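Input: a single structure, listed below in structure tokens.
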Amino acid sequence: MRRDDVKTDTPSSGSKTTAPGVRTDLRGRLHEVIFEADTPAGKAFDVVLLVAILASVLAVILESVNSIRIEHRQLLRQAEWAFTILFTLEYALRLATVRRPIRYAFSFYGLVDLLSIIPTYLSLLLPGTQSLLVIRALRLMRVFRVLKLARFVGEGEVIQAALRASMPKITVFLLAVCMVVLVVGAAMHLIEGDEAGFSDIPTSMYWAVVTMTTVGYGDITPQTTIGKSLAALVMITGYGIIAVPTGIVTAEFTRVRTRRTGTQSCPACGVDLKDPDARFCARCGAQLHA
Amino acid sequence: MRRDDVKTDTPSSGSKTTAPGVRTDLRGRLHEVIFEADTPAGKAFDVVLLVAILASVLAVILESVNSIRIEHRQLLRQAEWAFTILFTLEYALRLATVRRPIRYAFSFYGLVDLLSIIPTYLSLLLPGTQSLLVIRALRLMRVFRVLKLARFVGEGEVIQAALRASMPKITVFLLAVCMVVLVVGAAMHLIEGDEAGFSDIPTSMYWAVVTMTTVGYGDITPQTTIGKSLAALVMITGYGIIAVPTGIVTAEFTRVRTRRTGTQSCPACGVDLKDPDARFCARCGAQLHA
Amino acid sequence: MRRDDVKTDTPSSGSKTTAPGVRTDLRGRLHEVIFEADTPAGKAFDVVLLVAILASVLAVILESVNSIRIEHRQLLRQAEWAFTILFTLEYALRLATVRRPIRYAFSFYGLVDLLSIIPTYLSLLLPGTQSLLVIRALRLMRVFRVLKLARFVGEGEVIQAALRASMPKITVFLLAVCMVVLVVGAAMHLIEGDEAGFSDIPTSMYWAVVTMTTVGYGDITPQTTIGKSLAALVMITGYGIIAVPTGIVTAEFTRVRTRRTGTQSCPACGVDLKDPDARFCARCGAQLHA
Amino acid sequence: MRRDDVKTDTPSSGSKTTAPGVRTDLRGRLHEVIFEADTPAGKAFDVVLLVAILASVLAVILESVNSIRIEHRQLLRQAEWAFTILFTLEYALRLATVRRPIRYAFSFYGLVDLLSIIPTYLSLLLPGTQSLLVIRALRLMRVFRVLKLARFVGEGEVIQAALRASMPKITVFLLAVCMVVLVVGAAMHLIEGDEAGFSDIPTSMYWAVVTMTTVGYGDITPQTTIGKSLAALVMITGYGIIAVPTGIVTAEFTRVRTRRTGTQSCPACGVDLKDPDARFCARCGAQLHA
């Protein structure tokens, strides 16, 4: 997840002392309210926005249910347009108050903001695209910015740090899994053939993924004895290797935590003391606890 | 889980020395028997109560089976009323002997105790509500109080401590999972549509949960190639992120254990004592527990 | 798993020096061959026995397959009787050579040995009990005794130690899971009712177990919106708490390993040094590495 | 995974100084390009080869899909022959440039290389063997050699080290699981019988594997109350023991990491240096790397 919108030097930085003009000041204050969550107004804006996003997502979900759509067609259509106009206004304000509009427009949040309003306008030309509005759910990621003020942000950072550290190992692991899926899928296609549902290699690979991840829908199942034996082997393998990503991530979580808990520092040179039993600073040689 | 009923100053505290009257004394002794499990009588009361709860839950389970209900209708009905009257009596006694009845009545255990007897009386007005009696199963949580006297309580506390420490991270994780479920559910509804069973977004979200948690009922499965590809991606993602809560909880378990084992320190040099059985400080040689 | 048969003082202990008689000597040597795996003859006996057990289990498996049973009825029947007579002979020899036959007969291995031969004799009276012969598979546990001589025994001990240490916590955890299964099962029976397959509480509890363990057969699935919502909640809960036993066992594995690696002992009093940085023995105060 | 082809003393070792002849030199250079990935030419060769392998695997996958095969039969046939001739040429070059062709031919990679071209030639005699071509997917393992130059190799080594260290314990664990599968399978065959799909012991064992690994297809499910109870027990057991391999692998991952970070020791007092960046010993204050 990208940190946040665009790191912008707010045009109002120092506006209180110089006050170059009412318009700029308004723009600065609006920027503060819209983009930041440190002031009461900014936080209130974000909370109201989150509620509006939640309501609009709920409206999209409800509209997808046939019985509700038929009964409340008019109301849902109005709500959809109301939310779209509200979000369009917000998008325009963001473009107007941010210093580098182009950079915002192509940032992750900028694109999500744009994609959240397009489908409604598009539905005037192409009916049936309203379901795309669910992309608004991605806007809920702003919740993490509001939570930033609470204790959750530290936790989120620990998770992110552990996941980032695990990524290379997980990548190697997934590459190996993909190769196994390919070979097992092709083998099952040969063994079972069309009747059992293993009609082509992509379908058999889909079965292999369903089986190795222990999801096990049961829409395709082996029928022959050889197929069942190979499937049992694949399951036990999958059961065994489910331990690998878990082991990787757990080791990283433990490491992240350990690194954090070494919170002592040398009184002489200020370096972090990694060895809790140290009697001399490992960097400058100053005696500790003397 | 709340710690226990209401922390009550027993009215009998000191009753042995002052003996203000027979009724108060009786009330105090009853309180000791009913609410505490430290005396033989109190423990016996709790064990008898647990057996009665188990038997009443069993009766509710058996009554839900059609063949048994038809054959033993009379017996089961009698047992139900017997247990209800017994539990009503117990509830009245608890209210009578506890110092702050209102606080008990609105505590977790108080509400469960009340809800355990209401359905039977309710069934006189509304037939078919007996199944609600299974809420009595929650009363079995009292088993943890009886076990408190055994070694299991320490284990339970370790689990609780680890879970409480993991909660913020798990919350952040579940929020992220919910967002993925929402987006994936809407995408599958668009891709697969009505024929495959992805009839609306809530149903598709249900499918996404079933898939990401690797439950995989198979009541709804993707039929198109794109849908199967996205499903495979979701499964592998779910398989990968199952590691995250495990990693979080495991790291906490390791931390809880570490914190527990190293709580003593040398009175002479102040170093942490890593060996709980130590009789001499491992750093300075000072004698301990002398 | 019990350690091994009965710890017997072999009657031949010292037979080489005193030689009290040919019969006793033969019995002692037989005991050594049959019960122990330290001598070449004893190991050979165990390996031959394992092969015979494997072959007899394979015969039972093959006999259960209809097409094979019809074709090779005569051969399989003969093999079954051959193995049964062989194992009866071995059982008799064990009883004859062990010092305390009663204790052996009621030990875990003794009971398994007996149960491995009874079904064949029983089938003379009651046809169709041959499938019980598969209990012979339990005799394969003897493989661990043969492996004892190899490096696997240490690994097995680490697993056993970690599991034994985890047991109390796992028990508390399973108790809590059972309670959840009971309450969820009853709730789903109320919500879904007969049509969806939740015909009674035991069946609903079976569904709850199938769901919480992420097995997900799909033979019973919720149909109503409320039922699906509750099911989704149960799945996410199950997904979250699968971390608990894993965390418990992993913490124990880490601890067992750590305890093992502290392999230094005090040269003065011989106690294990649990603190690898110790400069004085934590038990007797003797200076280390002086 | 074997390390790599055959460790060969390249015939060109020193060819730049002696230059014994053009042909040998060419062979040496070819060897360098084909077998090694340290030179730009060698890396380019490997990347081109990987792309060709990927394309040929894709062609095999596409050919297995009925609709595509019918439409593009001619094109796919030509691609198959083109790739086969290319890989045959490459195989011949490998045999010609490697010093010990026999050893290469019987190495893991040599066999995979051979098996990757045989099926096409075989299809001239036996139609329908093209699916065997998917064995070419195994050639993608060469990707790990190309990645060797990147940071991924270290990660792969950590995974391999942790898995190799876990192997004995995992083996003991899988042996125990197999025994449980055998006994549970036989018991379910006895309890459920033919109607529920538990027609013979091998099928019941397949069901036991599907259940214990939490895959849960649902193609075979218990119907009787006793069967469902046993199945629920098996699921909870499987849920509990999924923790064992995870615990084993995680403990090894933690150990591997720990061993890596603590390999330096103070030259003055010999204590382990826990801080890899230390410039002074944390115990005695001696200067390091002086």
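General remarks:
Every chain is named by a letter (A, B, C and D) in the order it is written, and numbering of its residues begins at 1.
In this section, a residue touches a chain if its C-beta (ideal position, glycine included) is under 8 Å from a C-beta of that chain, and two chains touch if they have at least 3 such contacts.
No experiment lies behind these values; they were computed from the predicted model shown.
Judged by contacting C-beta pairs, the busier of the interfaces A-D and A-C is A-D.
In terms of their C-alpha centroids, the spacing between chain A and chain D amounts to 31 Å. Centre-to-centre spacing of chain A and chain C amounts to 44 Å, using the average Cα coordinate of each chain.
In chain D, the residues that touch at least two other chains are 202, 205, 214-218, 242, 246, 248, 250, 254. The touch graph of the protein chains shown is complete.
Listing the residues of chain D that touch chain A in their complex gives 57, 60-61, 64-66, 131-132, 134-135, 137-138, 140-141, 143, 151-152, 155-156, 158-159, 162-163, 170, 174, 177, 202-203, 205-206, 209-210, 212-219, 242, 245-246, 248-250, 252-254, 257, 273-275, 277-285, 287. Put simply, chain C touches chain B in their complex at residues 168-169, 171-173, 175, 179, 182-183, 186-187, 189-190, 199-202, 205, 211, 214-218, 221, 225, 228-229, 231-232, 235-236, 238-240, 242-244, 246-248, 250-251, 254-255, 273-275, 277-285, 287. Touching chain C in their complex are the following residues of chain A: 214-218, 246, 250, 277.
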